[in-house]
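Both complexes shown next keep chain A, but they swap its partner, so chain B is in the first and chain C is in the second.
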Partner chain A sequence: MTATAPVAERPAKEPKQSKRPQRFNEGTGRLAAILLSPTLLVLGLVVVFPIIMALRESLFTSGTKLDANGFIVKGSTFVGLQNYTDIFKGDTGHRFWNAAFNTTFFTVVCVVLETILGVAMALIMHKAFKGRGVVRASILVPWAIPTVVSALLWKWIFQADGIANTLLGTQILWSTEGWQSKASVIIADTWKTAPFIGLLVLAGLQTIPAEVYEAAKVDGASVWKTFTRITLPLVKPALLVAVLFRILDTLRIFDLPFVLVGAHKDSVETLSMLAYDEAFNTRYGPAAAYATLLFIYVAVVAYAFVKILGADVIGEARAKKPGGGGKAKKRRATAPEISAAAATNTGMGA
Partner chain B sequence: MATATAQVRADAAKVRAAEVSPMRRWAPLIGVGLIVLYCLAPFYWMVVSAFRRPADQFSNALIPRPFSLQNFKDVFSANNGFQRGLLNSLIVAGSVTILTLVIGMIAAYTLARLDFRGKNLVLAIIITTSMFPGISLVVPLLKLFINIHWINTYQAMIVPSLSFALPLAVWNLTAFFRQMPQELEQAAMVDGCTPAQAFRKVILPLAAPGVFTTAIITFIAAWNEFLIALSMTNKKSIQTANVIISQFTGTTGRDQPFGSQMAAGVVVTIPLVIAVLLFQRRIVAGLTAGGVK
Partner chain C sequence: MAVASSLALLATACGSGDDGSSSGGGSSAGALEGRGPITLAGGKDTSGNLQNQLNAWNAQHPNEKVELKELPEDADAQRQQMVQNAQNKSDAFSVLNMDVVWTSEFAANQWITQIPEDKVPDLGKLIPATVDTAKYRDKLYGVPITSDGGLLYYRKDLLTKAGIAEAPKTWDEMLADCQKVAALPEAKGMSCYAGQFEKYEGLTVNFSEAVNSAGGVIVDKDGKPNVNTPEALAGLQELTNGFKTGAIPKAAITYKEEESRRAFQEGKLLFLRNWPYVYAKAEATDGSSKVAGKFAVAPLPGKTGPGVSSLGGHDYAISAFAKNKATAIDFINFMASEARQKANIEKTSQAPTWASLYDDPTLTKQFPYLAPLKASILAAQPRPKVVKYGDVTAAIQQAAYDALSGKTQPQQALSDLQTKLQSLITQ
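What follows is the complex of A and B.
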């Protein structure tokens, strides 16, 4: 009955609205807790618990060794922060810093390239009216291909006598140590994920009302000005979230360098690969230490990104504090956005 | 005033008409062509390479001639265990998808409909857990699974996969449930449904497209998973297709059997590409619901 209330009756609806949250608040907290508990329990078990376990594990060392009295000690021994201090020493230290550099290097270069390409793609798709269906289908193909398969595909393309060298007219040994193997990883990663950023940015672009651009045109704004003063600020929320997800994704990059170039290659070894390698050789203590360091690195980057750039990750899902009829207002405010998004989706179907 | 705006609008239209030069008309189309080329050229190369004869593997011709299915026969030859790998992938990704949907749907509906204290916190926690690097979960879980003899079991791959699949599903489903008017349940409850019945009998059938989209996205994510599947198994009979492809060995020593790898890649990818082509609009809606408000 509320659904069909005509606009003129709106003031009369006020008491009803204040009643609604009340009904939803009766024991809602407890109900919500019950309904959310399976999800939170699973996440606690498969995410939070392992992280804590890794932290604990990183303080122990396993395997056989001699204690101070010359007795053989088996199993785990508590070593405090030794696993961490060992990481920064000697050869291990060199390997760690190299992996940390590679991880950071891949993240910065890939995300910058992907963002530029993705935004460019989104702008083109936004302008194009013909062939939208085709372009949307093809843009999903790199996204749908498993990373392992795309890694093998690029390994094949970058073979010594493969198509890349033929097309470029070069004879580069891409999979050998050096800048070329880094480049091959970056190219493969960019190929796979730039379209994805394009997709997210396009959705952001389509929520910008055409009137804004008309107004800019009437005011005589140049194309560049329109882009920097209107398009960029308005897609910024969508873009920031996309970039944040890409940064976090690239910081944990594993599959691509592991399959495309291989393990134990200085040029492409990332922190994830380093931790995997240690765990693979049953050195769980150091592996857990590497994993924990990577976790801290990711957490710090994510926190800084959200704090400094104000990426609103929760976005529209953010709830107003219960009560005060804020919810009803919020609902109304988001309705146009949703219908815009819906229009977007049907609009792309051409 | 009205005439002035009309005048301005007419002028703007004139300006626009004057600006549509051939260059402007064709530029977007060329751009679209470039994007399609960018996205599909490497994929095309995989397909083409798969259909060459193994002897022509290093040919760089754009069309495979003579056309051959030998690579596919090689892939499915008994010693690769590729069929088994596909089945394992299907079991793991399917279980992850079903578990995730069942658990995630309740949470998503709660988050979309109920107002309670700490909702933002819960949303933040769920989105944060999806950002954790996989390796920092795999390392401790690996040791745990060795101790409880879970290595080389399906659950050893399914359980850790929930860590990325569940947040993804909850996020997508929340967006879908939120788009449905609240009046639906209210009408159902006026008609005498309990909230649980309203959810089951009214919301679920209507949310089916959203649930389906989430299922596809989750399935693709789980199907593409590599690190967990690689770490938790060392027996071929239990490994997923992704792991098996990455460990294909050639018949001749150090040579990489790229032909059969490409064929295997095509086999693993084609179902996903078909799903993408069929449901592209839904998938795009689902993906952007997660990232964009």
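What follows is the complex of A and C.
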């Protein structure tokens, strides 16, 4: 009901205000379209076109039959959705659901671990202390190492006679099927990408004004309350973007399990690896079908994440006018209030 | 004259733009013509000697120079680039340095040109098993340039100490030797045997060797899968029993070539199946190997007699989309010649395909493993020659890995594999 009031107001002002801005808008719109068209063309060429080609490819098969001389019959045949339905049949179906489970499992476990560790790293990096530069640099080193290289490093660590077994005093064969290979992938992925979340959260932390903390301190808020009621809400926009990026990235995970554990291992096979395997054996139709399914899965997860948690990916909230009820603005206003409330709570407890 | 005119006829037939399914294998057979610069595409030349070989050719043929196109070191990445090149019908690659297991796939897709056997005068001098790797449906598609065979590395010092004079020829002898050596104090903490049992191409090699050495086959001579047999079972059980009894260390399920080599060099293994490249590394006296001077090599053991190795190595083939194919075949013949192969092994220790080189006194002195390697390669079997090699080797690895890790019983693994191969290999 509150929203209807400003809408109702507008028509009354229209004769007075609308003409000039409208003309202005029209002119800018055309100019904007002209100025943006090269960008849109490039985007169309490098984003839209490949997606459409991949979708088209997924409806064809080729190279499946041999002629009398043992040569592969050339040309591709339109098979409709058969490449998609084949994925869910029999052995392939079993393999697909296993890969879908692995992909989801890695995403959930890795992102949760990385978020916890990343936030902790950011808090440490944010503190002013001697040697902060060294700590910041050393925390960021894993993120700077290419995934394949870090996978090789961890492969070395997880060898049968590697340092992991020596330190743990165990004889675990990490690259064999089972929980241990899953664990090795999770450890290596967390090691590598927790700093990424740490980096983005650190950027978010640096935008929190010091006065807010001072106010909380004056009010006698505990460290935990300060963290949960001030730091977390204020860093949330940055944190959600970081987590979203990590989710999208981990859903496509390929190089780490492929190099660290190896191809065709049920325990760590992910959807990207299935698509790769098909393409490697020159079955581009089914490969495109797998890739499309993964694309849809990633898109749905990203959409749900943005909708449910309100991750502000494109800076929408900040771009809104002060009166428009931008989320970030609102939070900035409420956080001190919350902290004040928290402070009084603790004060009462004492 | 007749040959020349028929060549011209065939060339025009080919040039008439028949891009669809070509009707016969013969259509591309005669079209080895055109002279001029060509390229050689192959994996990264880690030895650095290949350029010397090309320089020798280029000095003699200033108008038909060969340029080296280095592809990544990883074999899968090499194949991927060659496939891509063929699908674009690009003439960027003229001669392809191909792994022996790719022949069927490339030939069936008509990505490589059939080579008439009379165009390769030295063919009869090459080891027959290596020439066979370059054939698809009895037609020649390449010339073998290097070969490779499995060898049994063994600790001669410990065998001598246990009173054993000769390397074992059968699996039973090998296990019996292990028992005798195990009684020695030096053998404490050692395992009997290892090969490469990680889930990758090496497992296909080791599984094929076990099956072939027991008299079984994976794919028979007519190209039909026939792996669900008592012979194949006996071969697989030799490996699964090895894991069960501890003759093969548990960690061997994670071994590739390098892991198994290190285990042998650290003195953890009495017997090791590996390729010839290990010899120089294990013989190194810079302290990296604890077994330098203490080991020797022999052909692989089998069930009742000498074992059967899987064949490695590389063939040179001509891309179907290449220009200057006449130069290409001349260049291949040049590289396959005795002189070039000898120059190559001297510098790179890559096993030649020219039979007589294995008996060359200077070479056998430089490479003491040549005699057992010759025996290994002479008796070797190619891995399954199938069009869908990528799928077939994945299926073999799945079955063997599940059996070795105890997930499925050997009998079950083989019958599953047979079913899978039947669906993959349809004629």
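The definition used in the following text is that the second predicted complex is superposed on the first by the 260 of 350 C-alpha atoms of A that agree within 3 Å, B and C clash if a C-alpha of one lies under 4 Å from a C-alpha of the other, contacts with A are read in each partner's own complex, and residues count from 1 in each chain.
To be clear about the criterion, a residue touches a chain if its C-beta (ideal position, glycine included) is under 8 Å from a C-beta of that chain, and two chains touch if they have at least 3 such contacts.
Computed from a predicted structure; not experimentally measured.
In the superposed model, A:Ala263 makes contact with chain C only, not with chain B. By the touch criterion defined above, A:Asp161 reaches both chain B and chain C.
Looking at the shared chain after the overlay, A:Leu173 reaches chain C, while chain B stays out of its contact range. Using the contact criterion defined above for the overlaid structures, shared-chain residue A:Met125 touches chain B, although it does not reach chain C. With both complexes placed on chain A, chain A has more residues touched by B than by the other of chain B and chain C.
Looking at the shared chain after the overlay, A:Val134 reaches chain B, while chain C stays out of its contact range.
Looking at the shared chain after the overlay, A:Asn281 reaches chain C, while chain B stays out of its contact range.
After overlaying the two complexes on the shared chain, residue contacts for A:Ala304 are found with neither chain B nor chain C. In the superposition on chain A, the residues of chain A contacted by chain B and by chain C overlap at 159, 161, 280.
Residues of chain A touching chain B in their complex: 1-3, 21, 24-25, 28-29, 31-33, 35-36, 38-40, 42-43, 45-48, 50-51, 53-54, 57, 121, 124-125, 127-131, 133-157, 159, 161-163, 166, 191, 195-196, 198-200, 203-204, 207, 214, 217-218, 237-238, 241-242, 245, 248, 251-252, 254-255, 259, 271-272, 275-276, 279-280, 284, 287-288, 290-292, 294-295, 298, 302, 313-322, 327, 331, 334, 337-338, 341-342, 345-346, 348-349. Per the touch definition, chain A reaches chain C in the complex via residues 63, 66-67, 69-75, 159-161, 171, 173-177, 262-265, 277, 280-282.
The touching residues of chain B, counted against chain A in their complex, run 8, 12, 15, 27-29, 31-32, 34-36, 38-40, 42-43, 45-46, 49, 58, 60, 103-104, 106-107, 109-111, 114-117, 119-120, 122-129, 131-144, 159-160, 162-163, 166-167, 170, 174-175, 178-179, 181-183, 186-187, 190, 220, 223-224, 226-227, 231, 242-243, 245-246, 256, 258, 261-262, 264-265, 268-269, 272-273, 275-277, 280-281, 283-285, 287-289, 291-293.
Looking at the complex, you find that chain C touches chain A at residues 20-22, 24-25, 76, 80, 83, 107-110, 136-137, 198-200, 250-251, 253-254, 259, 263, 387-388, 390-391, 394, 397-398, 405, 407, 426-427.
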